[in-house]
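Below, chain A partners chain B and then partners chain C, in two separate complexes.
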Partner chain A sequence: MLKRRDFLKALGLGGVGTGLGFMLGESIKTPATNLIPYVVPPEDIVPGVANWYSSLCTQCNAGCGIIVRVLEGRAKKIEGNPHHPVNQGRLCAMGQAGLQALYNPDRIKTPLIRKGSRQSEEFRAITWEEALSVLAENLMKLKIASNTEKLFLLSSVIRGHMGHLFETFMQNFGSPNYIQYDLFQHKELIFANKVSMGINILPYYDIGNTNLLLSFGADFLNTWLSPVNHSLGYGHMRQGRHGSRGRLVQIEPRLSLSGANADEWIPVRPGTEGILALGLAYTIIEEGYYKGQDINEWNKILSPYKPEMISELTNTDNERIRTLAREFASARPGLAIAGENAASYTDGVNHIIAVNILNHLADNIGKTGGVISNPEAPIKKTQSLKDIDALLRNARAGEVETLITYNTNPVFTLPHNSKIQEALENIPFVVSLSCFMDETTAHADLILPTHTSLEDWGDDITEPATGYNTATIMQPAVSPLYDSRNAGDILLSTAKRLGNRLQKNMPWDNFRDFFIESWKTIYEKQRHTYAGEPVFEDFWNKVLTQGGWWDQEKRTHQSIHFIKDNVKRFISSSPSLFQGNEDEFPFYLILYAHSGYYDGRHANLPWLQEMPDPMTSVVWGTWIEINPQTAGKMGIREGDLLLVESPYGKLHVPAYLYPGIRPDTVSIPIGQGHKTYGRYAGNRGSNPLDLLPGISRHETGTIPLNSTRVKITKSSEKGNLVKMEGITKEFDRQIVQTIPPYERRQN
Partner chain B sequence: MRKFFLFSFIWVATFISGYWINTSWFSDKQPAQPIAFSHRIHAGENGIPCLYCHIYAERSTAAGVPGVQKCIGCHQIIKRDAPEISKVADYWERKKPIPWIKVHNLPDFVYFSHKRHIRAGIDCNSCHGNVAGMDVITRVSSLKMGWCIDCHMSHNVKNGRDCWTCHK
Partner chain C sequence: MSRFLDKLFARFNIYREPGYYGKYDYKWTIVIDLDKCDGCEACVIACHAENNLPIVGEEECSKNRAFNWIRIERYVEGEYPDVRVKFIPILCQQCGKARCEVGCPTYATYHNQDGLNVQVYNRCIGTFTCATYCPYDVRHFNWFSYKWEAPLEQQLNPDVTVREKGVMEKCTFCIQRIRAGKDHAKDEGREVTDGDIQPACVQTCPTGAMTFGDLNDPESRVSQLAKSERRYRLFEDLNTDPSVIYLKRVMKQTKQ
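Up next, the complex of A and B:
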């Protein structure tokens, strides 16, 4: 009946049917996953239950305490340590992104040694044994040739015991050249406070309890000193006290994030912030708010700053200066702070001292809600006697044989004009202790990978502390992901190889031993402050659990005294000087720390690249802020690529029309424009630091960020500006309700 | 025409039987494990409590699979010569974990906690079936959302129908 041919067809069809049916069954299954148990389950790990480790945030220098959520040995989330005096459980975006430093795919995974020339940037992986013997051999050569002072050690600002170890190593090696360098080191602020108040450590600016805060170019809610603590204080000042709401007046040419939160913004002419402060001080004297004996003397010193006389120079209405002075003097307490933007002129110290004078005359120093003194640090402060300028000068003169860098990136954070690259070329042997291949590390001959802060031991003495001593501990939350080492361990094993005095004076097996021994000293010295822990082990366990040691009971009550005789020579009636003449370079240039990249160190963390800038909402790039009026006159539209030229350099940046900036000023954030800093940061945006001259403040060895003038020309190209916001115009949508000043005055 | 119906019938019948072959002999409800471990012997005959091996069930979201150390702890003495147990010894000597195949697998977007269910007094068997009688561990519940919700409803679980209870 059935033909042979049909039978075969049916057979084939049946085979295909079975196959397809089988495949269907297979396709709707979830693919098999393995369930891998431990071979020997660790006692302190319960899968699915998090362990939280207290540690230290190293993303900026504020020294916040963090707690790290660790699941089965992997760090999953970072939060603020609720017991820590600085951040009280809060954490900023930079701190949150600490995880991406740990898991960054561009980390250096093994020791590397240079293959070929410095230009080629080719490296070969070697073992730690080889790497350490290369380093020890090089240092031994210096020792034999009695050239020990030709060894330079350059690190980031370290306030904890790692700095002591570096110092000990250099001392015993016989070199005085240990230098700490960061772009935002607040050297001007420290210097000015030392001159005017005789204090070596930063005081606590008590924003939380003040009634009127005058901020001279301090972006204190975003990047300045200790933003998380300031934000807490700011919240308290505004809403935390029943029945009184503190006011904030922001005095700066470019509206920062803090300025956007202010009640009033005074767009002072760049370089005259200090003069405006002295104008306020004059009014306080003239109108009799100051009650000191030396009122006549002050009157004489401040006589050139009569508001009517400085009104034009500062571009601020003299009546406004007078009313502001009255408000400030009667705020009791008021507080004036001078931030990075006011300090970033060649005579930045003068601006800060002027603000300190204002605080003194309004009687805010040593008062709650004013400037509060901090006690001496519980450990010796690492004395970095020299600055980066000394390294550059010595390198150019051929006085540097070997340079060890740790965790700092001067090739990026110094302008091209400082000749840092040439200086490094002049150093025969450069060793970099770093987690990432940054611009400085790319110049090194030997690269030793260090742990990230989530894998490492360390500590930090908070500065500025919050009125009492705070030491925060960094402990490994996870085991090292790669073949990296602690920087202290590297130096200790080098000391062992070098033998003699170094080995004798640095007998510790590893950094942890040295570290615990150092903490024993804190324990012994501070013993009277705690009764609960009779032996060091108890104390140590408590420190590791709570994340550090702080003594809230022991606030200093020592008052800070203003030293009038010191400040006189820092009072000058002329505004700051600018590089570039006004006709050729019509715009003031302001460079500021980006809220995500800070000084550029976080440009390799994609979360922070992705985070819109709070004022402009720009992501993944650099932009130049220009006033819409100016832009209109020059025919510039948003996103146009502009050529920005200073007497020292030029770069191309897309324009962003920003109403919060003076028409005669332009502004660029720092942080992008990396050449080698991994896949996320490399070749993205441009580095505005290259518009600046080299180091011009030789007494502090810093670069003034805002002392250069620029000109801008529109180029025909369109820039690549990516931003989150749609349209900035209000169109009567009542998103932000405002009233004009004259209406306010009428009410 | 008759031929067309015949061919269609053959095709459909073989398709269904293909599917049936897959689900009954190649089912992921009962995957082949690297070691033929028998829950019937351990939990049934020897009466070892579940929590003796799955030690985290009361404390964590995950019940936990015993480490190789736990297996070898007993099997250093008991039945060392059995061929399947020598496999365990082999893993132990190489200090390698045993790559079990997951039988009860929830997708990542479902939050499930053993701790909560154990503390609410739910018996292990009510989801995992009569494990003490299984030679090869077999999934008896669908583990689909409807199945979860049904149980939450019948037990009057607080917020038992809230999306965020499981999807968070």
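Up next, the complex of A and C:
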């Protein structure tokens, strides 16, 4: 009888035999007959194991470093690059939503050419070969007719090598007309800093180490300059330092998200922010906090700004001004910043310079916790001397034959009154390099789809950096989804087709070659700082792995000098001027960047459309903020549709009763009101920029967002206001508990 | 009889003992410093990206059916010009004594070995009991099977289930990340160390207001922060024993 044990033995042998037989059989087979076709998988794909690629966030211009989680070739999540000096692993809502730009259903998938007239908006898909020859033919015509300066190239603000390539292309083509344009370019800030401190690049505002932060209309936690870095600083200022908690005072007519976090809010009259800053400066001088030699001179300059004299104008109690000035002068270090909101008047530069004077007199310039200088960029800054105004003027005069736009949408971000659409109509041939069918692209004759930032090569020189040079690399995390191309590649292949000087001076096969070669030059130039990497290849690998190059050891210690003689002509004692008669248009209008849509570029990302606005919780739409007292007087209830009229335009928008705004002011967020921007953004809400006049600050070529007055009439209809909040009162439920500052001891 | 009942319920009473969950290996906790939180909503979008939360559209939003596992609540005190705004992120509090668990007829929501309050989607039949019992209003119901417009579905996180119509869902403290972190530590033959695991919201928080960790570990950062005199928990008087600890916002009291 077979024992159990023997049975098992036999079974085991049989099993081995079967296995052997199988293996023998397998080894006899030729490899080609194997049933597994995926024998050698791509080396960087292991199913279920994520790859992380470090890259650059392009959702706004802060230049944060990101790492992208890629599984089986698909991007799944974006996180902040923990080693990057700007965002240190953190990311804002806009940055998190970058994935939906890559996987957006409304991306342009192939090159398109216009079928009929500009009005019809009908396009026909063509091949790249055709598209590039159409472009080259057109440029060739300009060249033959010696009209090369009639080519204009308009791009968003690019601080990296893409800008250099554009510049090289335009130079070799023979046109000086390369223009960079974005709605929030901080041109006033750059200009004011140049005048008052002689610096060409933005300094680092050291929020983290300050004891008293005075923010003049800067929504620094949300949209201004480098929100993630400012937020990190804010956290550090509040609870990061042992034994001291920095205070925040926000001075602005409409409470922004940053203002909502302030300890004190001063609802200054719109257009008098700079005057209030000078009032503070006067008190600092008068009460002897300033120790400089030139105290008498300052006393003379600032004498019209005695708090008692400006109290009425700024609508701020003079004692409050004096107390604040004392606190600010003795904060050591304190820091005053002037943001987009204060810069958006016709004389915005004056306001920023006034704030710089305040910083100088309180001795905050060049101090830790104050304004810190940044070193000159390792790459030459792209020379974009002209502004969008030049394009409009030339187009109207018929001086523009061909316009190439890249990644910027002036038809949406300029007011209707700037006549940008008419200007485009006047240009015979418009080429758009874009990922999406935005309003500007819809006006184009030839549309060349570009990669999104997660599919593309590129780089960025951070501005403002954090006190030392920072360059971030953008590398493809996934392979391109569609038949799109890198904008640099498009120009390089065009240069090849045009031949001659262009081909000779732009010999690179693709943008990546040009880009690596440029990094080689940086490496050679600054070789002494890379002691660890003796060969370029090592350096390059390190740069790609860590996401960029930064040299934390190498801080500049160059001090910033305040230039008193320059600033005098920017001190004016009259408040900013407003468009529109006060009797007819009783309300100041404030336009601000939405925390999700920014300048409107992210309105096509459904995550951000459905993100409740932090201050109102409104989703999927536009609203107008109005003080509840004013609304009560006018019989306006929340959700009522209001007709907003300025001397330049009108729009219908639902009311939101907002307690954080002056009774004589209303405000509307920018970002909605797209005509053509895909299924999520198209025909949704309204664009408040159409209430503004055209470009009126010709020296910087920008539009003042806050210099217009409006009137409001209630219409009988109900507006479409969808908000996520219920009621904003706590009713003693103790949900957000607070502790007064003086009771608080250390943790 | 009563002795018999005591014996019978002994194993249930064990849950009532204070510190019961302290016997587990981990007691995951999020500490949120309200003095740092600025209400920017980065956590909300990070959560959407990590946890495959659907976009429901304008009309569904107006019916209050939007999915936000973490949301920022904003409370306004006072009238112009003395307006004070306070923000608080509210997510599932992962209660030690969770109301929702008591009510569920199908045991779809139960306590796991880490002290987390988890939801088994396959068991859920959508009775809404848990959402009704929850004092924090953090549970969200799938009224429809929401679709992603191609190719948006390529972004979906393969580590997280995509929920269908009829299922209740809520914040999981990013349980997929906790599991991955534990597995990773196990592969390296060690315990999970502080900072190994970060839920998506904590990871992205620009001000560093949120901290995640194990409250059982006395050395962890959350244990240190939880000793703060600013510590409080939301609706603590309801005796839900929440795992989310808030640190009070430092601000001047309003004039009454």
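Everything that follows uses one rule, which is that the second predicted complex is superposed on the first by the 688 of 747 C-alpha atoms of A that agree within 3 Å, B and C clash if a C-alpha of one lies under 4 Å from a C-alpha of the other, contacts with A are read in each partner's own complex, and residues count from 1 in each chain.
The criterion applied here is as follows: contacts are C-beta pairs under 8 Å (C-beta built on N, C-alpha and C of every residue); 3 or more make two chains touch, one makes a residue touch a chain.
No experiment lies behind these values; they were computed from the predicted model shown.
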{"item": "Touched chain A residues, chain B compared with chain C", "value": "C"}
{"item": "Touched partner set for A:S716, first chain B, second chain C, both or neither", "value": "neither"}
{"item": "First (chain B), second (chain C), both or neither touched by A:P740", "value": "second"}
{"item": "Partner chain(s) touched by A:P227 [first = chain B, second = chain C, both, neither]", "value": "second"}
{"item": "Touched partner set for A:S146, first chain B, second chain C, both or neither", "value": "neither"}
{"item": "Which of chain B and chain C A:C92 touches, first, second, both or neither", "value": "second"}
{"item": "Touching partner for A:W265 - first (chain B), second (chain C), both, neither", "value": "second"}
{"item": "First (chain B), second (chain C), both or neither touched by A:V40", "value": "first"}
{"item": "Residues on chain A lying within both footprints (that of chain B and that of chain C)", "value": "48"}
{"item": "Residues on chain B engaged by chain A in the complex (per definition of touch)", "value": "3, 6-7, 10-23, 26, 28, 31, 56, 59-62, 64-70, 91-92, 95-102, 105, 107, 113"}
{"item": "Chain C partner contacts - residues on chain A that touch it in the complex", "value": "48, 71, 74-80, 87, 89-93, 95-97, 99-100, 102-105, 221-222, 227-228, 231-232, 234-236, 238-240, 245, 255, 257-258, 260-261, 263, 265, 267, 481, 595, 606-612, 614-615, 617, 619-621, 627-629, 659-663, 679, 720, 722, 724-725, 728-730, 733, 735-741, 744-745, 747"}
{"item": "Sites on chain A touched by chain B in the complex", "value": "6, 9-10, 13-26, 29-30, 32-41, 46-49"}
{"item": "Contacting residues of chain C [partner chain A, same complex]", "value": "33-36, 38-42, 44-46, 48-50, 55-58, 61-62, 64, 66, 68, 71-81, 83, 85-88, 149-152, 154-158, 200, 203-209, 224-225, 227-230, 232, 234-235, 246, 248-253"}
